[in-house]
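Next come two complexes, and both contain chain A; in the first it sits with chain B, in the second with chain C.
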Partner chain A sequence: MRIPVIYLIFSSIWMVIFWVGGIGVPLGNLFSIAFHAGGWNFFEDTVLLSILTMTAGQAILSTLISAAGGFFLGLFLGEQVSEDPKSRVPMLLALPFGVPTLVVAMAWVAWLGRSGVLASWGIHFDWVYSLKAVVFAHAFLNVPWIALAVCQSRRHVPEEQLAAARLLGAGYFSELRFVVWPQVRWAFAEACAQVMSFCTTSFALVLILGGGPPVQTLETELYGRLRYGFLDLSGAAICAFWQLLITLFPWALILFFYDRNHRSLRPTISQKVRPQKEVKKRYRIGLVLIALGFTAPYGIVLKSQVLKIFIDSEQRSQVLSPFFLSLQLAGWSGLFSVFSAVMAVLFLRVGSNCFPAVSTFQAGLRVLFSLPSGLSSLVMGLAFFLSYGQWVDPFEGSFIAMVLLQTVLFFPVSFRVLSPVIRGLQIHQLEAAVSLGASGMKAFWWIEWPRWRGPLVGAFAGVAGASLGEIGAVSFFSSEKLIPLPLVVSRWMEHYRFEEAQGIAGLLFLLSMSLIFISFEVGNFSWERSIGLQ
Partner chain B sequence: MRGFFFFLGSVFLELTSSLFFQGFSALGASSVPELVVYTASSLMTPEGLGPVLFSQFEKQSGCRVRVLTYGNGAQLLARLQLDAHRDKRNAHVLLGVDQHLWERVKPWTESWGDWTPRDYSQISVGVSLERGILPYNYGIFAFMVDRQYLNYFNLKEPSSLLDLLQIQWRRNILMEDPRTSSVGLSFLVYTQAVLGGSVWNFWKNFRNQWLTLTPSWDGAYRLFLKKEAPLVWSYLSSQAYHEEMNSLGSVQSRYQAIIWKEGNPLQIEGAVFLKGIQKSQVSIDLGRKFLEFLISKEVQSLIPRKMWMMPVRQDIDLPLSFKKLPKPFRVFALFPKPVEIKESLAQWNRVVVQ
Partner chain C sequence: MPKEVSLLSELRVQDLCKQMKDYRIEADFSIQVGQRVALMGPSGSGKTTLLRLLAGLDPLQEGRDFGKLFLGQKEITFLSPQEREVGFVFQDQALFSGMNVLDNVTFGLRMRGIHREQREKMGLEWLGRVGLAQRASSWTDHLSGGEKQRVAFVRALIWKPKLVLLDEPFSALDLKLRVALRHELLELHRLWPAPLLLVTHDWVDVQAVATSFLSLEAVSGSSIWKVRRELTNPGVFE
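For the complex of A and B:
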């Protein structure tokens, strides 16, 4: 059964609009202005090269630590929860990705700072404003991410294969090497690549926990070059270029090896999990506590100030409108991003039906579709502002520009969630249904929709969660009338309303947590393919 | 259940439909004359000068003031440059540039011609700038110290710039990044003025002394108040703030300013007319009236308690907390050229970042 070509035409048109209008024109415009402003001196700026080294170094270190911790934790949890399909452990592991990084940074200062909780207990860490703090915060945030990917893949390793290996005399490590590893490695590699992207483009954590130069990333340097004094578009464009290179490199590497391995060993989302067995309640609670331990420290931002926002009428009136605006922004960004990702996966799928020979081209497209995850939100915000800002009244701001900008930035999140779903399309069942007289739409609804529903909700929740904490891009199109919650935090900090700002951070934390919880419950989504949620 | 989700979806659509069409109205469609002002966010705090200043001016002149805020002075400058890049200039007046930014803002400013603001002669000689920028407040930079913290850890307060390099201050100082904060930049320029040729040696050692380098003053001061470190680069008038805000009403607050043997640097903030939008005589007159209003007695007397800075007029009676501030041995009024600042920052980058 072939997907009608009309879908190819429609998805192609959408993809052209998306890539040309959303990325090509703004970035082209920015790079052309940057080139005219100062040329391209990629290797002359020695300061930039040392920041590049620091960025790559801390990203690699953070990724390695996260990978080591996440891999073994994921294997352990996967082994345990494979007996319990209804386990909440995957959801709990997914929770940290909804926490805005501003909240993460504030929480670690509250814990590890000299006036922090640990210091008040007599435990003194004097490395809160240093590279150690940045790497620690990155690793703590990303260990559950990698653990989640490994855990979900491990969960689906068929028991029969493991039993056969044991029967043939395989020990734990042989079993791991020959049975488990081939089935978890791609999920593990993708999660590592995502972590690498995240650590490379990290901003708030580096700015707040790094203690300033020499602990810097290209993203913090970009911030300095774009937002202050000597507006250095050329330098910013070079930073963006290097950043893109570092983030895309692991993805290109994965695709290269993936193609060489014929994509055969990757588990699909449709594989069945084993029937439920009785798991001891105490044991189950223990696992939940381990998973929850990666989110619990951020709860420190939930102080009485959060309640005060609702009780104090003045604060409530100041927060209510940004609160609803943030929700609406998250909702629309989620919808547009998911829609664009559906168009993209459809485009790839129908394209592969029509042009089966051009697999290299398809692999290239998959790398291209990961591109926005390496783009700095500041760079994209500025590029949009320079290209489309002239039609926007600065006093009114532009909601639609914010939505479109976030749609572009978070497109890879949805794309990576939905991409495996279309690969597992149940063609034979669909063909059978159509031959038995069902319409195409009906066949899709009964056979495919149950597989799509969860990932669609999950992708939506991932984008919406990321949108709730995003500040770099929206700041270009905000106005006095159009301020989302993260901007209120930043503005209140500038107005020395630190405690109240922390209250909003707590509110953002609660919102993101609720979103992930609801999406998990409503969509019954297995988070295994949600690589890219950050 | 489906009905419920349908209801939720309808409410969501209803609420957001108007938002999508927001933001595309033409600027300045109102018939009331408008004055558009770019300023730093700190001016617009609820207790700050901005809300009073603009509402009073609207009442007096019968115009509408629209204010766009952008972080600090350096961010305002970046905004002007972005406006120039996309060839769309929005503001009549820029409020909040200091002497370090003034030279860089010049290409975007409109000259005063032969106009001189009323009461211009009332501005203290030590804080006047060249014609084209109207000073409206000034401050003296100083390290603020947390005495309670010093006593607790038995630390002796520094009295000279080189004292900061002592081992006891290692990771005990909060500073602002000179690339992103004019407060931080003032310290860099000040060290160059005081130390001359040995300045980069100082910075080579000083980079181990700060606990963190924040992008702006508010970040550093927040950490100072959270007792993360006992020293922060701030303003002399911060002491007056703490004295007035001290809820216990004790005469001496735990937070005090330090006077250096070498002297303390000065910051002068001013307002300018911007090029490109002053099209009619009405907008020119309105801009002039606003600048005159800024140095009126009415506004100047608000500056100490609304901005925690010093007024530029000589005839303003200062609050007691300001009168009690320690007097610096020497005040440095430094006016570096953009090229010099660029070179200093590049050298600073080489010493500190690499």
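For the complex of A and C:
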């Protein structure tokens, strides 16, 4: 049974429009401006060079600390929950990924700030607005991310292989080196690359916790060149270009080695997994608390009066419109992103049916489809602005541009969730249904739809959640009439309205957590897939 | 036959009683050097559990379980899997996915500190015996079912373990392949005749491979499964 070629034609057209219009043209414009502005002479500019050094330095340091902590934590948790399929630990480790970075930054200010919670207990940190604070916040946010990657891979190491190694004389470290490491290393490396990309492009965290000039990264420099003083588009393009190179470097490294070793990455699904062992309840609660410990500190933003936003009529009038705008933005971005991802997976699937010989091309496309996850929202925002800004009225802003931009940015989230679903297409069952008299649509509805429903809801919730806290991209197409919630926070922070800004941060935290729980419970969706860990 | 064969000794399972969640296994038997014993029994009777127990993967719990395990004069009841020196062939082979065929079969030698050149020589020699020398550098996920099983046999025997345990090694293979692999197993066991216990559901496996057989049978009116040595000779034993 083959999928009709008409789907290939339709999905191809959509993909071409999506990639040319959404990524090709904007990035091409960005590179062109950067080159014409002397992007290659970057190293002669000592100020920019020091910013580049700072960017790479803090990203590498944050990644190293996250990697060290995350690897061993993930290994430990993976060993503990390997025989407990119902364990909530992986889900809880994924939670911090859903917390908007703006909320993360504000939470750490609320904990560590000069008038923060710890200061009120007599514990003072003199490094809250410094590189240390940025690295600490990055590491705390990313340790569970790496731990999740390692934990999930470790969970899937077949127990029989470990038993075989033990029987052949392997001790704990030999087991780790020869059996576990080959099966977790790529997930670990990919997670590290993601962390490196994240730390390089981190915006809200560096802006709020870095304390300004002491910690200036390419991202904040780019923002500064657009936001303050004169509009230096070419300077911003140069920053964006070099930032893109740093961001993509670890991915290029992985792709280079991945290609040489891809055979060892084949999943070992057919291996028998041992039956579930009895895990002590108290011990299980302990593991859950460890995992939850990485999200709990952000809950401090809830201490400020979130409800006050809706009770106080003045605040309500200021927040209500951005609140609904954010919801609409999240909804539309989620819908378009999921639709584009469906087109992409369909394109890959039908393509592999029609041209089975070009599997390398297919693999290349899969990598390409994950590309936007390595792009900074500010860089993409700038690229979009440079390409399509001329058609946008600066006084009106553009809701459509915001939606399209976020669709491109969060497309990989949906793609990664839906990609395994199409790979598991139950062709034989569909054929059986058709042979029993069902039409193609009915066969799909009864056989395939139950498998698709959950991931579709999950992908939608994932994108909507990410969209809610996104600040870089939307800032390019906002206007006085078109301000989403994250921009309200940013403005209130600039006007020293910290308490009220924290109230909105609390609201964002509640919204994003709700969406994550919807994706877990209703969508039966795993976040680790969306961030590329499976 | 290698001279180390003289170091081999019989397996003795003495008054063993292993309490599982909802049933109990009782066993008392021995397997001599050179013997190949088949263990039969209905699904869920604890055949694999018994094998894992002998291998030390699910050891006896002190205070809850009873009995002793001996390899010759050496008691192995509470030894770790590493110390027991048991060659185990898993039902799903459990080949290491991050290694090629040669690295898989020589893993046991590597863990015993055998020099690389020597272990590769041995590995190729043993792989040659099962017709897989040319597949030495292949990744295990590129092998067919029969080839995987051969690799699993070689991996379990090449390092000369004191006891060999096989968990339904022929269950997922077609008839022609079964016949070939039974023959190859016999050949390999002739090279290293450690006491061998084979779990199977197939009576033909018993007739073709085993020198005697045991059966796990339910004790009527209880949740106890007891290993019994069958006295009836199926007629094709060596």
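Here, the second predicted complex is superposed on the first by the 372 of 534 C-alpha atoms of A that agree within 3 Å, B and C clash if a C-alpha of one lies under 4 Å from a C-alpha of the other, contacts with A are read in each partner's own complex, and residues count from 1 in each chain.
Keep in mind that, in the parts below, a residue touches a chain if its C-beta (ideal position, glycine included) is under 8 Å from a C-beta of that chain, and two chains touch if they have at least 3 such contacts.
Predicted model only: the values in this text are computed from it and were never measured.
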>> By the touch definition at the top of the document, which applies to A:L253: first (chain B), second (chain C), both, or neither?
In response: neither
>> Applying the document's definition of touch, where does A:Q161 land relative to chain B and chain C: first, second, both, or neither?
In response: second
> Counting residues of chain A in contact, which comes out ahead: chain B or chain C?
Replying inline: B
>> If we overlay the two complexes on their shared chain A, which of chain B and chain C does A:V117 touch? Say first, second, both or neither.
In response: neither
> Is A:A68 in contact with chain B, with chain C, with both, or with neither (first, second, both, neither)?
Replying inline: neither
>> Once chain A of both complexes is superposed, is A:V179 in touch with chain B (first), chain C (second), both, or neither?
In response: second
> Once the shared chain is lined up, is A:L368 touching chain B (first), chain C (second), both, or neither of them?
Replying inline: neither
>> Going by the contact rule set out at the top, does A:L289 touch chain B (first), chain C (second), both, or neither?
In response: neither
>> Applying the document's definition of touch, where does A:G171 land relative to chain B and chain C: first, second, both, or neither?
In response: second
>> For the complex, give me every residue of chain B touching chain A.
In response: 12, 15-16, 19-20, 22-27, 41-42, 44-46, 48, 66-68, 71, 74-75, 77-78, 81-82, 85-88, 90, 101, 104, 171, 175, 177, 179-180, 207, 210-216, 218-219, 221-222, 225-229, 342, 345-346, 349-350, 352-354
> Where on chain A is chain B touching in the complex?
Replying inline: 33, 46-47, 50-51, 113-115, 126, 129, 207, 210-214, 216, 223-224, 226-231, 233, 324-325, 328, 331-332, 382, 385-386, 389-401, 403, 477, 479-482, 491, 493-498
> Which chain A residues qualify as touching chain C in the complex?
Replying inline: 158, 160-161, 163-171, 174, 178-179, 181-183, 263-264, 266, 268, 270-272
> For chain C, which residues count as touching chain A in their complex?
Replying inline: 52, 55-57, 80-82, 84-88, 90-92, 94-99, 107-108, 111-112, 139, 141-142, 155, 159
